[in-house]
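One chain, subunit A, appears in both complexes that follow, with subunit B as partner in the first and subunit C in the second.
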Partner chain A sequence: MSTSVMVIGAGPAGLQAASTLSHLGFDVTLVEQQDYLGGAVARHQYQVLMPDFSSGPELLSRLIERVDNDSHITVYTGTQVEEVSESHDIFTIKLSGANQKTLQSQAVVLATGFDHFNPARDGKYGYGLFPDVITGAELEEMFAKGPIRRPSNGEIPQSVAFIYCVGSRDRQVGNTYCSRVCCAVSAKQAIELREQLPKARISMFYMDVRTYGLWEDTLYWRSQEEAGVVYVKGRIAEVTEQHGRPVLKGEDTLVRGPFEWPFDLVVLAAGMEPSGGTREMADKFQVSLESHGFIKQAGAIHNASLTDHPGVFVAGAASGPKAIEDSISEGDVASLAVFEYLKAKVTL
Partner chain B sequence: MSEEAVVTHHLRLDPEDVGEQDAESLLDAIKSDLRYEEVIHGCLNCGVCSGSCPSHRFFDYSPRIVVQTVLSGDAQAVKDMMDEYIWACAQCYTCAMRCPFHNSPGGLVMIMREVAVWRGMEAVHRLLKPYGRVLLKVLSIGNQLTPDMIQPDFFPDWGPKIPWSSTDLAIKRKAIPVYTLQVTTSAWRVSPETSYELYTIYEETGVFRLIEQIDPNLYEVVSDMVEDLRDMIESSR
Partner chain C sequence: MAKGSGIIERSLLTDDQIMEYENLVMDGIDISGRWNTMLKTRVHSRPELDSWDEIRQSFIGASIDNCIQCGMCTAGCTVAHEIPEFNPRQFIYWVRTGRQDELIKNADVIWRCVGCYICTNHCPKEVNTAEVIESIGQWLHRTVPEKMDQAFKANHETYRHQLFTYGRLSLPRLQAEFLSRTGRRQELFTSEMRKTAMKMLKDGRVMRTLFIGKPRRWSRSAMFLTHQQA
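Right after this comes the complex of A and B.
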């Protein structure tokens, strides 16, 4: 019997895991519930990636081509995991949707990723009420489609505000963690916006700027030095609307005190939450979640891809917010962990 | 509530402490309040409370600064704040509704005000003076505002119809088809038995002792009322 591994979720982490597992000698089934590959990068048509401004479509085509051209990888899109049973360390997995079949796998990699926080759940931002209040992901879609315009009237925005920590670091919405990438992604987006809007006022409203590691000067400093972006320390308390423009209300905690400040366009840096698929697969494969609802990394710091269920591994944002580069790395880490786990049992 | 908790709360309102205004002792009273750990968990210094605060918009008042000052442990700064600063809070609790740390700066201000009142701080005499009428209503019948207190000069924010609303009160109230509301000296009809129970609560919880400290004249008026009502009720039993 051949040694087969199932990878669930075909975002950057899952695509990488599938390819690496194949290189390691396994037969791989890659299952994706959407009818496209690429996860969030494809869903929101990311054109320019944080941190290095490399091309999103190029990254995707590289990851996808490797999977497509590999005879040891079978890709099932539009396909869901319906039912899972386990006997003698072999998973029997029933698929539904576009490919209704039952497969057996000796190991499983969960790469089921994240969903963006839906800001409509936090009424203070007026998301869904005011057309000029959009999410960072929607801004990415705008970059992909053409020039940036105000959704309300199609005009060129003269002022743009970014609101940090939307749906993150906030007990009121139940997410007490930091989503890690939104600060740097917002700085990247502001730098991109500047190219299109040479005269616009671009303001960032933050509690802390967490462009950690090498992103500090390449994104945070650069956005100020090269793009003239202004940072205001104060988390936005509410968004209202006056004369057809969103008005940000808050406290400039360092300099100027209370403000009510109108902008043409407001971008919400919405954080990351475990996706519906992540929660569902955790349940079906009986792996524990950590306290924030992501898949628990049972190997702690010595192996990030172990879950508390032998034979089930995790990669990417399913185990917590992370950048694309880290998700891709974890695809490799999980593949090696699968190799370690299975080499004791089978001869490759 | 555990017995220990009751004792802790009671100690804070110990009559022995009335008049004690040493700064460290005030801060200690605030931090040892039963509610303190419910209202302050820490502070991210994000400014959402102040950004939400109607008083911050118009006065020199920031709930964030109140929280930060208390957390700083600077007892003198906290005491200074209790003199005037914290009294700008409107107790709307929008801060508590929005704080990402689930703090309640409004709740902290409430504790600080109660300590200020109990310790008989000068600010309290000054600030509560205009509320003598309200206090009398609260103490005697448990209502804050009654129809006969509506005077156009004191309620400009109620709009242009307020002069009309304040005339012919008795007739207008009679037009309300609810028996208990057809009164002008209370918000609704309050039975003597209700006031009797209210007085018992005020006595047991130390409210009367508190009033005695802040406003001896008011206390005298209220004492007479209480005595008369008790005589009436107890003799009719």
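Right after this comes the complex of A and C.
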């Protein structure tokens, strides 16, 4: 009998894991609940990726082709994990949805990713109330579909504001962590916007700018130096509306004192939360969550993909906010960990 | 001539930054007036942190260390929109960076807080901002009572005195004590006041408020409170 591994979730992390596991000689089942592959990158049609401005669709087609053209990988879309049982280190997994099957796997990789924080949950931003207040993910969709226009009246925006840390770093909404990529993604989006809106005033409202590592000059500095983006240090307390334009209320903490500034378009850098699927799979496969609700890495210093349940591994944003490059790396890391775990038990 | 009037961009400086002597002789040379104008150094070199310790250890000031300096409190603050010197975020910053000089400059302003708690409601870090500001105000009151605006001081002391003496607050008594503390006793006898008093007498509010009595065994509680104060 060949050794079979199940990968759950077909975002960047899961796609990479499936392909690498197959290269290592395993038979792989890739289970995705949606009827498309590619996770968040496909869902919001990211066109241009942070940090290197490479193409989102190209990345996806490369990842997906490798999986599609691999005879050792079976892809089940529109499929969910219904029931899990375990005996003698073998998982018996009952699938539901488009593919109602019961399969056996010796190891499982959870690559179930994240959900965007829904800003409607935090009344202060007026999201859902004012049409010109949108999320970063919706801005990505706008980039994909056509020119940037104000949703309220179809006009070209003369001024655009980005509000950082929406749904992150906030005890009141219950998310006390930093979502890690939104600063850099916002800087990338501002640079892209500048190409379309050469005259618009673009302002970023931040508490700290976390374009860590190599992104400091390539994104943060570049947005200021080349794209003329202005950074204002102060967290927005409230968005209201006046004369049909959203008004941002905050304090400019560097010059001190409150401001109320109107903008034509407001982009909320909404953070990441553990996806519903991540929580559900953690429960079904009996792995612990860490204090923020992501899957707990049992030995992050040894290997990023270890959970506290032998035979169950994690990759990508399921274990915490992460960029695509890290999610893809973790797909490989998890594959190697599966290999190490199984090589003691079976001969390939 | 006004202090520092010879300085270009004088508006950028406050009076206490300028040294200028009407009559000054140095080494036998008379440099009286504008000639001796000098600016004090604007480099701050001695953080004073005992106030921080006092505030973080107080019951109402304990959440001060949660602050991340985001500015959401000031953004929504009722008073900050009217009085630029009143800035709850900035007060917290000054406490934690040991800027007692700046705090003392604003010893009077800090009492402008109207206690609306918008700041506390906004705060993403669960700082009880309104009460932290109160705690900073109390520290200033202890440290530089003379810096407080006389009216605010009288108001503060009236409330304190009434509470300790009667165990509850009544508007007529507060009003009477406040006006007499600020030397405005005659205002108690204006025709407007008399009209109000009559009205309150008729509808029974005077009786209710004046003769409502103290809380049970108030003297013991008062003793405990006064002891805590000391």
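What we mean here is this: the second predicted complex is superposed on the first by the 347 of 348 C-alpha atoms of A that agree within 3 Å, B and C clash if a C-alpha of one lies under 4 Å from a C-alpha of the other, contacts with A are read in each partner's own complex, and residues count from 1 in each chain.
The working rule: contacts are C-beta pairs under 8 Å (C-beta built on N, C-alpha and C of every residue); 3 or more make two chains touch, one makes a residue touch a chain.
A quick note: this is a predicted structure, and the numbers were derived from the prediction, not measured.
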Subunit A as common anchor, with subunit B and subunit C clashing or fitting: clash
Which of subunit B and subunit C A:Glu238 touches, first, second, both or neither: both
Partner chain in contact with A:Ile90 - subunit B first, subunit C second, else both or neither: neither
Which superposed partner A:Arg256 touches (first subunit B, second subunit C, both, neither): second
Which superposed partner A:Arg171 touches (first subunit B, second subunit C, both, neither): both
Touched partner set for A:Ala227, first subunit B, second subunit C, both or neither: neither
Subunit A residues contacted in one complex by subunit B, in the other by subunit C: 124, 169-172, 207, 233-238, 249-253, 257-258
Touching residues (chain side subunit A, partner subunit C) in the complex: 124, 169-172, 207, 233-238, 249-253, 256-259
Of subunit C, residues touching subunit A in the complex: 68-77, 80-81, 84, 87, 89-90, 122-126
Subunit A to subunit B touching residues, read off their complex: 124, 165, 169-172, 207, 233-238, 249-253, 257-258
Subunit A-touching residues of subunit B, taken from the complex the two chains share: 44-52, 56-57, 62, 64, 97-102
